[in-house]
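Letters are used for the chains, namely A, B and C, taken in the order the chains are written, and counting of residues starts over at 1 for each.
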Amino acid sequence: MKYAEGRLGRVFVIRLEEGDVVPDCIEEFASEKNISIAHVSLLGTLMEGEVIVGPRKTSEIPPRPMDLPIYEAHETIATGVVAPDKDGKPILHIHGALGRSGNTIMGCLRNGVKAWVCCEVILQEILGVDAKRLLDEKTGFTLLNLG
Amino acid sequence: MKYAEGRLGRVFVIRLEEGDVVPDCIEEFASEKNISIAHVSLLGTLMEGEVIVGPRKTSEIPPRPMDLPIYEAHETIATGVVAPDKDGKPILHIHGALGRSGNTIMGCLRNGVKAWVCCEVILQEILGVDAKRLLDEKTGFTLLNLG
Amino acid sequence: MKYAEGRLGRVFVIRLEEGDVVPDCIEEFASEKNISIAHVSLLGTLMEGEVIVGPRKTSEIPPRPMDLPIYEAHETIATGVVAPDKDGKPILHIHGALGRSGNTIMGCLRNGVKAWVCCEVILQEILGVDAKRLLDEKTGFTLLNLG
């Protein structure tokens, strides 16, 4: 376990509008507001795009991801962490549970899903933490490095 | 995307007791404590009531919701945002993943589900944000309006 | 409903490393850092261990839990609350949605699941709250007592 201690900064209440793409729109918002590290909590309805639903084989390194398309509007909760990449660009790592008519797809919202009519986000900025998402050569993942 | 910037206020640690109805009991609590805007994070076991599991057709406006009943006790995580309606009454918009024996129903807890034995909530008040849930004529939803 | 009012303390950004066991590693971290009460928000990939997926019968007291094993790596979001037991040891009550290839298991991570390659946690300390997890004779659960 690696960790860094910080403190809370600004808190943003956000409403996504129809067609806003997650995680892109939140990354752009973070960039615009000079937010480096943040916790993101989302609830709403998402549609389209793809969700990464696990590595094909748990023990295969580097892992090959499984993707599933999202067709119709799905009720969603999602949790994410914003941190900068090596160039300082904010990257949102966000996982969500997307459900429809009693079935639930849980995965990483890396490849873009869109807000439907109604989607709310609470973004809490975290100050005083030195963190970067850097490429891990072995796994091919960008992992959170805490300084 | 619409947004408003605020700051954290009071933090409440809450234990729901058997039979407490979500979202009602949290809305009443917010009213009693003069909480206008808040982030709600819930974990516990819920039962009974109904969950909205998506619009019947993604592209149909106004949308007609699908509901599913919840029978037995379900392990749950849920995320919500409290904001006042046009009359100032606190409304909790909350989505949750409710699972039992390996099946998971993800939806909006609008129609009332009850706490079973064990249910914990962290409610974080957000200050300095002007927000209201107002009727959107086109969709028939009450959407978060950020001033 | 029982409640206690507090305020936010330290915020920790944590990266779990492969093989770190939840909830144990977070309980040890809380102990080391003298954290009494905290909110925990996790996203990442978990594997192995077991998840409690509900009581066998909703109305049977004391309840007998259902457990399911987790085999391969599962994309996950989880929400938890840290509070001390009667001896002051931090106990993390944490529920998570664990998904793989479109199926989702929602449950209580009490019996230990392990971090796979990538797992991030935001831990928010809550100050000024007197809470303890104490045995409830009737149900056999340790419930959050708020003083």
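Please note the rule applied: a contact is a pair of C-beta atoms (placed from the backbone, for glycine too) under 8 Å apart; a residue touches a chain by one contact, two chains touch by 3 or more.
Predicted, not measured: the structure shown is a model, and the values here were computed from it.
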item	value
Chain contact graph, described as a line, ring, star, complete graph or other shape	complete
Chain C against chain A, contact positions shared by both copies (same if over half, else different)	different
Centre distance in Å when chain A and chain C are each reduced to the mean of their C-alpha atoms	21
Multi-partner residues of chain C (each touching 2 or more other chains)	8, 41, 77, 79, 97, 104, 106
Residues on chain A engaged by chain C in the complex (per definition of touch)	1-8, 37, 39, 41, 52-55, 57-58, 63, 66, 68, 77-81, 83, 93-97, 99, 103-108, 126, 129, 131, 136, 139, 141, 143-144, 146
Chain A partner contacts - residues on chain C that touch it in the complex	8, 10-17, 20, 25, 29, 41-45, 47, 71-77, 79, 97-102, 104, 106, 116-118, 120, 122, 124
